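Have a look at the structure below, then the notes.
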Amino acid sequence: MTRPLRIALIGTQFMGRAHSNAWRQVHAFFDSERIPELALVCGRDLAKTEAFARQWGWREAVADWREVVAREDIDAVDLSLPQHLQAEVAIAAAAHGKQIFCEKPMALNPDEAHAMSHAATQAGVVNAVNYNYRRAPAVALARQIIDEGRIGTIRHWRGAYLQDWLRDPGTPSGWKLQKQFAGSGPHGDLNSHSVDLARYLVGDIVEVSCHRRTFIGERPSVDDPAKRVPVDIDDASQLLVSFANGAMGSFEATRFATGNRNANQFEIYGSRGALRWHLEDLNRLEFYSDDDPPHLRGFRQILVTEPCHPYVGRWWPPGHVIGYEHTFVHSIADFLAAVAGQSAYRPDFEDGARVLEILDAARKADESSASVKLKPSGQG
Amino acid sequence: MTRPLRIALIGTQFMGRAHSNAWRQVHAFFDSERIPELALVCGRDLAKTEAFARQWGWREAVADWREVVAREDIDAVDLSLPQHLQAEVAIAAAAHGKQIFCEKPMALNPDEAHAMSHAATQAGVVNAVNYNYRRAPAVALARQIIDEGRIGTIRHWRGAYLQDWLRDPGTPSGWKLQKQFAGSGPHGDLNSHSVDLARYLVGDIVEVSCHRRTFIGERPSVDDPAKRVPVDIDDASQLLVSFANGAMGSFEATRFATGNRNANQFEIYGSRGALRWHLEDLNRLEFYSDDDPPHLRGFRQILVTEPCHPYVGRWWPPGHVIGYEHTFVHSIADFLAAVAGQSAYRPDFEDGARVLEILDAARKADESSASVKLKPSGQG
Amino acid sequence: MTRPLRIALIGTQFMGRAHSNAWRQVHAFFDSERIPELALVCGRDLAKTEAFARQWGWREAVADWREVVAREDIDAVDLSLPQHLQAEVAIAAAAHGKQIFCEKPMALNPDEAHAMSHAATQAGVVNAVNYNYRRAPAVALARQIIDEGRIGTIRHWRGAYLQDWLRDPGTPSGWKLQKQFAGSGPHGDLNSHSVDLARYLVGDIVEVSCHRRTFIGERPSVDDPAKRVPVDIDDASQLLVSFANGAMGSFEATRFATGNRNANQFEIYGSRGALRWHLEDLNRLEFYSDDDPPHLRGFRQILVTEPCHPYVGRWWPPGHVIGYEHTFVHSIADFLAAVAGQSAYRPDFEDGARVLEILDAARKADESSASVKLKPSGQG
Amino acid sequence: MTRPLRIALIGTQFMGRAHSNAWRQVHAFFDSERIPELALVCGRDLAKTEAFARQWGWREAVADWREVVAREDIDAVDLSLPQHLQAEVAIAAAAHGKQIFCEKPMALNPDEAHAMSHAATQAGVVNAVNYNYRRAPAVALARQIIDEGRIGTIRHWRGAYLQDWLRDPGTPSGWKLQKQFAGSGPHGDLNSHSVDLARYLVGDIVEVSCHRRTFIGERPSVDDPAKRVPVDIDDASQLLVSFANGAMGSFEATRFATGNRNANQFEIYGSRGALRWHLEDLNRLEFYSDDDPPHLRGFRQILVTEPCHPYVGRWWPPGHVIGYEHTFVHSIADFLAAVAGQSAYRPDFEDGARVLEILDAARKADESSASVKLKPSGQG
């Protein structure tokens, strides 16, 4: 028996669009006990929010998030807000017993995140952080291959998330380049994705060194191009880390890697195998195995579109590739399963908080020009 | 001002799913004067069709296509039927003045296709054949680059559409392997896509040689695996062609190319540039230009996800790749524009008929072990 | 015990250089009973030939090939002449009992080639045709993988040899564009390499269709750019073939594939595996196997630089890639082994003659616009 | 007018072979005023050295390097020794006025290297360090493109040199794993190549953080597999650096990156372009340029085999790729030009010393868990 799950989406920017699409799509492709109803969307500008509602099929539009979290006809809230606004809303939603699906980064800092986690745990609600790349079929397959023991003991994580949209000094400064709103630059925005993937695939991180850099210290104001405003966040951030299990790791996040639009990528080297993935070719996983006969060893290019692969069999026949947005549908499908009590959702708020702790330690490492050790987390 | 366009979908198999998804998605991403209403879906088995309707959001399910084409509350029909059933329905739909969106291959043979084209033209309705790969952004960009004169005079088309789902002799024979239903094997099924792309990108074809082969002459019956039934269609088909403009072309379609699930691909070589595309990496277009300084020439890997690229700016930010299904949304978006009178839809039924003529000439070439010339078509 | 093998090289153009390099290099890397002595080089222009001898380390330079083949202090001749000159010299060399290493194409036509083969067989001398790409380590590994049964029954050969040095209509016409000297264009020059590879990897060819084309009918004379001379050879040539073992094949050779300098490549699809190779990345072999677990299947990128791989362990440690010229050294190493009686050299003159027969049949197929059947050859 | 340059090679291991090959080959492909004579080879075991001499064409074999550097009939010495032996020999050779071609790493530590540099400068002899990868044509082209201003201000260097030959804990420990002989593991062996490339392409390094790791603390003894010996060098080493010009850099060197045999690679991102290179495909350079029209931007795959490209035109026609060993020939060719006074050789001993300084600072950074600043070097 299926029954509806009444959703309220808070936030109507890029992530609001991507989440709306996923809520609309999930039921046509994935079975679930709970069928999402696009009940309510909330945005600051009511007129724009109403247009958004029409475009994406939300039944109602409102402007006040406090009303949303309090409404009895809402079962779950989807937080797609800038990160400095998420904690307050999440804690209030938990207090009203709403299930919570939260876009990353979940908060401005670890303290906020832990408070959110505490509130959700107390309320006993599902608390999901949407690090969507975990749910690219190729990434989920990478995890499966690791769990099958096929690459042995992991030695190296090499992650990078390269963008280039800030390479032009003339690009104006918006809220994403201001510390009070964005917290940080790619150090948080992009590295948080990579750190989540590393924790998912390799394990927890216990030591970190870091170099951050702001290449362009001033930019034209987005409101008045004739005026120049200071940039107080990082343009690029590099990390070297130690994992709890003895592996080494490196991370590199930047908005200045010309030619890379959204190049989220990783390499994992184990004692008897290896894995590589790149978002621009997201249906592909590279896998190397010492189990192959010596004369036949090489990186396999696995096209992850088979029914036996995670998630992707719900879409189209083999070879009919999927795209970026599908990772959101997979997240929503798993969230619905968690709400139905069929499985736990990971990464949860505690995972999300740990990512922020690691990045906070990295920030301190950069500021002190010395490596910083982290207390091991309870979670892996 | 927008107003609804009431759609009836006929056919609920793979293409029925892919079209349903596209009808659902188009309005959220593409502006159009006519907003599709998922009014009616038609399938032989009413119970299954009703379940299909619930899953995909069609308002009503019926079992009789004759009823569908006659209904006054339907503006457009979407034909997603096996090819031996399409002509009769299309002609009836045209007679009732319905706009027609028709999956490929549109018919069993050129005669049927011409009759469909005649009926649609007489009725003055939009008649679209869904050769969806034309509308992969990278393919549309290839056409734009050709139109900009950047590769000069085209000398070579090298097309291939490689699949491997029949490589195991134990795979049973279904309707797709029977001539009376499928007409042909990859000769029609896959080559028709390639021939449409070649006509779109290079031009019309005027001479053809062909080798076809059935590697496995008998297969287990899909109904009774203990019984073996003959295979009377091709397993693979190769063409050499001359284009009207003097270019040479080759085509290769097979279901026995182990390791290739759906490898639709082409290379185009012109007098001063070149283009290459492969469906498994569909967001990418390779482009070579003699306009580059000599020491810097090389195939550019264009990630076709920019706002300045065809279609794709309607989806996500640069670098956030799309998949197979999006090509259908683009087809539907253009169909809606054609219904609104904003542009002509190509390929139309006449284009589709020409593709069948070319493949029919190729069949004769293979049967006679000699090349066959075609009368030039009026269309390019 | 080693002893010298006194070599005479006839021809000092591109192939003369490549062969000289191989004769110089072979002993430092490959053990052999016979150590080549660079005794004599022969070219029409004695002064130039003397400079060539100094540059490459040949002991003596002469201008008359008749003297060369008759000299008692020569054990083996290396024919690196234009193809219209090879037969006469080869037959004379055989008559004098010289071992023969002959550059491809070995002759202008099958009759010449058979005469050469007859002469060499009568004389009992080693007769090698230098289809050097057989001896790229990745290609030799492909053969090994096929012999190990890893790709099953071969269904498809897709070969292409794409160059682009004639794409500019202003490129002048030299002897390579004149039928009396070159015999043909890429139809013979490039396709002969591909046909040899296909015979080596798949088997003999028994039927062929062909399209050839001359895109630019007149070019500036190489002697007088103001004068235009007709081009009477093909600019491009495409073949469809049937192999004796039931596989299908296609070939494409051209000098107009802009962006491809020397893109010799093939794909082989078998019933349970596949192989792909491309000269621009010649140390790599792609291999797909249905023996892999279903969720791990994909084309392996084998870097063919391991000691367990053919030839390449004689060079450098794993991962230290080799280049084009090394294939010639491998040919020479195998020729030396054949002279020492340790192994037979393939392709021999009979193989080379068969390649010419197949291309001759293809020419007739093109001229008659019909497919041509070949009598099966004795050799595989 | 040409005249001979009498060479003495000291060292007959892997590098002795690679250098011998280069000395033999250079004259056939590169013009130079000085023609190398393979006069003398020196190795500890005279019998083996004599066999080496026969194989590679050295006229004479000796066992005592002191004799070599003192001989009047020697013009230049080639040092291909383990790094702990190089300084003493180099200084003695300089004292005798020999031109010096020295394999990397040139010494155990910066002090030795500076002493070598001082001795060579005092003697006024050419002092070359063979960081051979600078002279891969694609790498030299990268430098040219940077010098042409095509990628603008450099922001990011991402270098990695990945090997995997130690991934098996059962691999025995030889001298390469002992600090007293090898100095370090990949920290010095592989990173030194990367640091040299970074200095060549980006500029000098002024700050460094570092993580090193020994994954396997004990290994079977190479002499007695039943015995286990401690490993006192690093298995992997990661660096984050700041360049003097404001760019950021990362380096990663390891012998545990399963699937990578010799994967020397880099990415460089500038304000308006980017470059990427990978040794496994060494003839290729990837180049991205914002000068391209927006809809045509992408990484070009430049096949660096044209006459207009550095070095490579001396070998074979376009598209005929070269390999690893050719970089050594290019080094030798440039060394000969330097000896002839036609150009200065870089990297010289001062460059080599700076590389060691940077790696020494990195070692200290790792030991102190803090970043280390370097005084700017005089050289770029």
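Read from first to last, the chains carry the letters A, B, C and D; within each, the first residue is number 1.
Here is the rule we use: a contact is a pair of C-beta atoms (placed from the backbone, for glycine too) under 8 Å apart; a residue touches a chain by one contact, two chains touch by 3 or more.
Because the structure is a prediction, the values reported are computed rather than measured.
Each chain's centre was taken as the mean of its CA atoms, and the one lying most distant from chain D is B. Looking at which of A-C and A-B shares more C-beta pairs in contact, the answer is the pair A-B. Rounded to a whole number, the gap between the C-alpha centres of chain A and chain B is 36 angstrom. One simple way to say how far apart two chains are is to compare their mean CA positions; for chain B and chain C this gives 41 Å. Chain geometry summary: the mean Cα position of chain A and that of chain C are 54 Å apart.
Residue positions of chain C touching 2 or more other chains, listed in rising order: 260, 297-299, 303.
Interface of chain A with chain C (complex): residues 141, 144-145, 150, 285, 287, 289, 292, 294-303, 306, 308-309. The touching residues of chain D, counted against chain A in their complex, run 151, 155-156, 158, 160, 162, 164, 167-169, 209-211, 213, 215, 236, 238, 240-242, 246, 248, 250, 252, 254, 256-260, 267, 269-274, 288, 290, 297-299, 368-371. Every residue of chain D that touches chain C in the complex is listed here, in rising order: 14, 18, 20-21, 24-25, 27-28, 55-57, 163, 165, 260-263, 279-284, 303, 305, 315-326.
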